[in-house]
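Remarks on the structure that follows.
Naming follows writing order (A, B, C, D, E, F, G and H), and every chain is counted from residue 1.
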Amino acid sequence: MDTNAIKKLLRDVKAGRISEDEALSHLKGLPFEDLGFAHVDHHRILRRGFPEVILCEGKTVEQIVAISQRIVAEGNPLLATRATAQQAEAIQKVIPEAEYNPTARTVVARTRGRRKRGRVTQKGTILVISAGTSDIPVAEEAAVTAEAMDNSVERVYDVGVAGIHRLLAHREKLEAAHVIIVVAGMEGALPSVVAGLVGVPVIAVPSSVGYGASFRGLAALLSMLNSCSPNVCVVNIDNGFGAGYLASVMNRL
Amino acid sequence: MDTNAIKKLLRDVKAGRISEDEALSHLKGLPFEDLGFAHVDHHRILRRGFPEVILCEGKTVEQIVAISQRIVAEGNPLLATRATAQQAEAIQKVIPEAEYNPTARTVVARTRGRRKRGRVTQKGTILVISAGTSDIPVAEEAAVTAEAMDNSVERVYDVGVAGIHRLLAHREKLEAAHVIIVVAGMEGALPSVVAGLVGVPVIAVPSSVGYGASFRGLAALLSMLNSCSPNVCVVNIDNGFGAGYLASVMNRL
Amino acid sequence: MDTNAIKKLLRDVKAGRISEDEALSHLKGLPFEDLGFAHVDHHRILRRGFPEVILCEGKTVEQIVAISQRIVAEGNPLLATRATAQQAEAIQKVIPEAEYNPTARTVVARTRGRRKRGRVTQKGTILVISAGTSDIPVAEEAAVTAEAMDNSVERVYDVGVAGIHRLLAHREKLEAAHVIIVVAGMEGALPSVVAGLVGVPVIAVPSSVGYGASFRGLAALLSMLNSCSPNVCVVNIDNGFGAGYLASVMNRL
Amino acid sequence: MDTNAIKKLLRDVKAGRISEDEALSHLKGLPFEDLGFAHVDHHRILRRGFPEVILCEGKTVEQIVAISQRIVAEGNPLLATRATAQQAEAIQKVIPEAEYNPTARTVVARTRGRRKRGRVTQKGTILVISAGTSDIPVAEEAAVTAEAMDNSVERVYDVGVAGIHRLLAHREKLEAAHVIIVVAGMEGALPSVVAGLVGVPVIAVPSSVGYGASFRGLAALLSMLNSCSPNVCVVNIDNGFGAGYLASVMNRL
Amino acid sequence: MDTNAIKKLLRDVKAGRISEDEALSHLKGLPFEDLGFAHVDHHRILRRGFPEVILCEGKTVEQIVAISQRIVAEGNPLLATRATAQQAEAIQKVIPEAEYNPTARTVVARTRGRRKRGRVTQKGTILVISAGTSDIPVAEEAAVTAEAMDNSVERVYDVGVAGIHRLLAHREKLEAAHVIIVVAGMEGALPSVVAGLVGVPVIAVPSSVGYGASFRGLAALLSMLNSCSPNVCVVNIDNGFGAGYLASVMNRL
Amino acid sequence: MDTNAIKKLLRDVKAGRISEDEALSHLKGLPFEDLGFAHVDHHRILRRGFPEVILCEGKTVEQIVAISQRIVAEGNPLLATRATAQQAEAIQKVIPEAEYNPTARTVVARTRGRRKRGRVTQKGTILVISAGTSDIPVAEEAAVTAEAMDNSVERVYDVGVAGIHRLLAHREKLEAAHVIIVVAGMEGALPSVVAGLVGVPVIAVPSSVGYGASFRGLAALLSMLNSCSPNVCVVNIDNGFGAGYLASVMNRL
Amino acid sequence: MDTNAIKKLLRDVKAGRISEDEALSHLKGLPFEDLGFAHVDHHRILRRGFPEVILCEGKTVEQIVAISQRIVAEGNPLLATRATAQQAEAIQKVIPEAEYNPTARTVVARTRGRRKRGRVTQKGTILVISAGTSDIPVAEEAAVTAEAMDNSVERVYDVGVAGIHRLLAHREKLEAAHVIIVVAGMEGALPSVVAGLVGVPVIAVPSSVGYGASFRGLAALLSMLNSCSPNVCVVNIDNGFGAGYLASVMNRL
Amino acid sequence: MDTNAIKKLLRDVKAGRISEDEALSHLKGLPFEDLGFAHVDHHRILRRGFPEVILCEGKTVEQIVAISQRIVAEGNPLLATRATAQQAEAIQKVIPEAEYNPTARTVVARTRGRRKRGRVTQKGTILVISAGTSDIPVAEEAAVTAEAMDNSVERVYDVGVAGIHRLLAHREKLEAAHVIIVVAGMEGALPSVVAGLVGVPVIAVPSSVGYGASFRGLAALLSMLNSCSPNVCVVNIDNGFGAGYLASVMNRL
């Protein structure tokens, strides 16, 4: 509903091309659809560059299926996160081309156009690093999200600071990346170390991997927020999706 | 046990109409019933305008049924919250007119009088808003509670701040409401935004929807307590019942 | 920017009464003033019933004085909270009729109209209760705010639960009140007890009075959020202003 | 190992009644039994007035049964807390007179002497109060513990502050009690109110009853620690056993 | 306002000895005095065994002096805690016999009767133990409070668990005590060790002594709440007054 | 110390152009300078694109001056943050061209080259938004940092969610920005709302503005971490510097 | 990759014994193996004295088996912790000599050399103490780890501070130990008491044993961090493995 | 008070060499001195290898001086930590050879014997590393403590993970150290990285350096407790003294 659209509308009213009530309706008409339990935001792809994404946790299967159908019906690509196998199957029943990744817990259905022209259209590479093997599900959520948004993604897993040489051995990948996502639980030290080696943005994702005083990711979260490397920013604990999305937004810059 | 009752009692003693011991007994006689495991507070409807409500969590089925029966036997309306399907069924066995709402997890049995004269007797409208689809169970607990207390209730769901235009499209409902309840998890920002648009009280209900650093609703709770809009007040995390009750109390003013 | 205003504007454009650009400017024209360091929100009184209030903490004296002047210049009443004596003096230099209350730490300047027609125009009484003597500054902030918004205010101070009979002795005031504000630090139990005695909304204000495990008001805050009386709502620790404002909004219902 | 015992030992050494090594062995000999996984402290009844009590949580059935047998074999009364039905049955197989209380989750086996002379030997009465119905399991753990330690116990349940008159109606019991235990979850306000009415010690037990910002009893715990009534002391969340034990120790004074 | 008083009142009304209104006034007449900023609770000494105590923190000098005067005027003993030297001096100006203890930060003025009959009237001894030298101010607050309430008090300071033999050397005092108060900061382990050695109640007072992860007494508080010795109860951090008061209440049993 | 440098070094050794020891020294030679109390990292500008920045908090004036001199001596631009007026003066004595910004608390000394070719060399615009007037110091720290790193910066201050129209009025600036920094204290809701309106990265900076349950910025921090807008990332509380630095790194992409 | 190795490499390059590319490869060649989901760090035994240990929690059975096989294939001893019975069985299928300890939840496979020369090669004894019976699983994890690393281990279990004489009876073992590990939940006081009796390092392991305000080991953790005995250091809650490993590292000194 | 001493005492009693009462007195006679406010533990040097150390915080100047004098009078070395300049001066007045280190805030007075034979008698070297310049005071407290206990100490300061090459350049010192102390604030990542490079114990000291979500060292503390390197143990925030003491204890092994 930008300036030009309003100007055009006013011109149309002035010229009698549309009635006063029609104009009012347009001015108020908003690009969402009210399903009762959800306001599906169809114009989000215009406003933000990618359509609404479904966080499956806390929604019923019926709600997930209904929202998925409306997104696909509008010709938008579908991304559903934190999907259980059962939720994924329910989506696949109505959207057969949807792909389920059980490690990342994602369901992805690309639009026909995207499927045709290939996966990668963004220029830079997004590097996804995990500190440990147990962090891989979160790292994969990030990687799959970035791929669903047409980015080229590299993965380097299990290179935590207890054996820093494992990380240093991947220095070329570090230097080639446009944006780096680092997933780490426990002490969450890896993003600071990585960020100290590069000049690009590092998105730190604390994972809930650990026990005791990790307090389900709080230790890693605080560690990352206090990074002495200023090119680090942080997203929520286990928020692989947010990291992948944000990396894609940065990669578009 | 107000001034006039005491005066009357004293006059009766003076006149010899009742004995000293009877008077003492009246002065101490209190309008509750001791079931051993519960003191059912029958005069609460006089003192507070609505009878005692049963929070089912933490009670045995036997306790819930016994308290329900005593409330209904006194001619009072029944509201039980956080009821499982099994608990609801047990109540319905002894109080067949009781209705179970599985989303809100409430059991409601209206008194005959209320059932006859229709549901709504309060004048203003209570608007219940949810930020997301996953917040609906809490929002419904609020809505059902307000309806059980004879209020007219409007619902607007899934209009969180990530797409603020979805909220703005409901501006007329916002402006028509007497009291507004806003349920939000995650960052809990919606009540502040809503309250900035209206001049009526906004009851903010943090929900435990979210993960990681939402700390089961703590993030939303703190956010709401720090609202920069001064017409916001807050109830406990997931306390839809409290919000609906309080909204009804305000609507009665 | 409601429906009728837009309709009228559209009619004016259609009729050629105003140009397309003027209409655009109106549609975008927003009732605030940009001072660089502050966007003073002059239409807040229309939208919300009371103008913007200045929280002095964290602002420079120059900023406070400039914002105060702009509010008064628009013919709006002035309320500044958390004002030091020095900040109050600086305001009084440019707005001589402003009154400073050192206990409540408020500066109030009423508009001429309000000064003429007397202080109280709202019908119900707001009762402000404090648990202890040390809670009085917060209680006074609430009371002064409610008075600045044209309400009749009663005060009952130092009636905490360690001597419940002191509270019960004020039962008539409790029963006469339209809205009750209860300020309590330490264990924060008083709002629950008060709310159990009445049928009106109780706004609970945790105060930072206490030491050790009071954690600067956290204990009282949690206590109030978990009140077993459903007619209690809570505002931020030490937020007397918010409580007074909210009570006034409720009293207007 | 007090002064007189040492003196006697020294005299025996001097007189040649016992050898140097025997004396050394006595000086080091300690009244416990090492089962490998447990050091059963048989002299605790002498030192502290009641034998070791078994907290079943975190122990295997085999460990619980073995420790129980050793306690009973020494002629000491048995008290096991937080016992599941399965654990209780295992104890009962080897100690048939042991009684299981499923609400309190306790197993009690009194010594023959105690069984003969009747249950109550302490003079004062211990009053156990619960704020709600859901607090009863913790309250019962306290009551059963105090009874196992030969105290007379009174119970008053479900008299929370939302209906303070229910508590006031039991004023005589309050005034007759020697020690009072108050169990409350949610806002935990009841101990302060009770303590304000009496001159005896009040043992406050926060329960984990509640949800959201009760943080599993933390809100009640903090509330009780900040009680403005100085005759309140606090034990751990849900620690009915500790409260009952402590009340008995006080009752013995 | 007990049963007998009411019965007597009713008899007087019946006999015409007092009028209905006088009776009403008595029934409502409550033994406190409203100073505006404080409700001084004169009958607390009857109800609870000791008059109201003034917590000086958070009160103005004027308020402290006025409340002190009213307490003394009623013939009650005065105890003011957390008093600064300046506050103490102000009290001493109007109550010359008041004594200030700068370590305990207390002001005490005994009634003439108490001064005459000597300090100690309670039979048992209260033992106050501190873990370190820095805990002495809190320990002294406890000791002075207990002495003001007519108890015999013993002190053993600086016997923390890092040199457990220092504590064991005082075993006779431990065994002679009726009630034991243990003040400890840092890890707060001392109360558990002391309680394991005796059969009387141990009141644990966490102090804010420590740094870093002591979190101003939180570590000691949690440690004490989790004591494996069941004869331990806990009061607020640095709450020497509460411990001394409670010990006196127990000593009276 | 990348692959090519090592290859070249090896070739030089092979060719006898440098001795074995010289090569070793190069391989170990690291581009920092050890001042005893600090290892100044001179090659950071090569590795990361900007030299080491001095956080003045916690350092002595002597340390700050010495590190500043070494940075400038290497021909690198100087940025010192959290500088007091006294620290700034000390720097200016030895580096006269250094500029102190008392609101942002920064000291900046640009290299001659940068001063000549003008301030802005990055193409996109960084927009810095503050929710309130009290957030300006943090916002300015971000803005000054981004400017010191050669970016074009726009500022929009005091547009918090309590009057959302103030933000919406700046929609064109929002849409023109390459990267957006949003500083907010209290409930920290603004970044979510801003991020919902744009398709670029939003760097959320929680500020410690607020009181009570803001817990010095914790409420805002949690709120931002739980943002329902996935293009939001978060830095430490009050970390304006980190936000400005990160925005610049993104702007360079 | 130490100085001498580099010097040697450079000499070989100079002498033409190896090519430039081979040298580069060696300089970059790192002693780990990339399995995709894990970088197995084979040289850790050289660098740190013991090979990589597998934390089974959070890994799939397939991942655990694959990593185990690679470790054993390199001739290194295997230690896997937090293994479920199912995970242990899967390892035993491919490594039949692996032993599962269900209490400690460890899987150990010693190398042939170690098996031949017997278990103990380190000189000092490591003493593992537990405060209660429920702490044994964590204590056993520590003991098994230390044994797997060729240490002689003594165990003393269930000697908590509630009966300090049980600990004192083991004084000779305390004095004979080279390093002491103390596992304690609840109030976590035992390490301080033990450390006060000895002159060797005490490794404190907080366990999650307890309930309520133990907050899953937080109380014990804080208690141990604040120990007034300076020869105490602390590891993560329930981290028996870390304690055993660290004790072995110290024992090697 | 070991076995042999008791045996000898018993023999003396038997032989009539000492009386029964003398023996009793010896058995109870404990090697401490009771100053009223402190129990100075003179035999701690025998039991633990180093005499009692004075933590000056929270003690009065008079107490510090008196304890210092008693320690020195017993011929023991003096170490006082967290000493202000004023406290140090007071000690120096009575113990002129005492040295004050204002950075470490320590006062040290070595015994004549120690002064003669030179400072270092322990064989291994203790390496003290700090992440930043602001961590130096804590690092120095550790270094001075270790030196006062006759250890050789190396220092490497300001080598945090944001420029990991600065640390790697000191690899030889890392490999030569017997025990390593690492002090770090903010994200506290350095100990994990250091520990990954060596095979000796690493004592991690979280410092309170940082702001915002460092929560005065909590972030660093949690980070260190969750270290993925198992040769890391942790002491309290800012506890340089404990780290130095513990390192010395380990170095003695």
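Please note the rule applied: a contact is a pair of C-beta atoms (placed from the backbone, for glycine too) under 8 Å apart; a residue touches a chain by one contact, two chains touch by 3 or more.
Just so it is clear, the model here is predicted, and its values are computed rather than measured.
Among the remaining chains, those touching chain B and also chain H are A, D, E, F. Between chain B and chain G, the centres computed from C-alpha atoms are 54 Å apart. Between the CA-based centres of chain B and chain F the separation comes to 50 Å, rounded to the whole angstrom.
Averaging Cα coordinates per chain places chain A and chain B 38 Å apart.
Touching two or more other chains at once are residues 3, 28, 132, 162-163, 196-197, 212-214, 218, 221, 225-226, 236-237 of chain A. The chain pairs satisfying the stated touch condition come to A-B, A-C, A-F, A-G, A-H, B-C, B-D, B-E, B-F, C-D, C-E, C-F, D-E, D-G, D-H, E-G, E-H, F-G, F-H, G-H. Residues of chain B that touch chain C in their complex: 2-3, 47-49, 53, 124, 171-172, 175, 178-179, 196-201, 203, 221, 225-226, 230-237, 241-242, 245-246, 249-253. Touching chain F in their complex are the following residues of chain B: 131-132, 160-164, 185-189, 192-193, 195-197, 210, 212-215, 218-220, 222-229. Residues of chain A that touch chain C in their complex: 3, 6-7, 10-11, 13-14, 16, 20, 23-24, 27-28.
The touching residues of chain A, when paired with chain B in their complex, are 1, 28, 30-32, 36-39, 41, 44, 52, 55, 57-59, 63, 67, 206, 208, 216-218, 221, 236-239. Across the complex, chain A meets chain G through its residues 132-134, 136, 157-159, 162-163, 165-166, 168-169, 209, 211-214.
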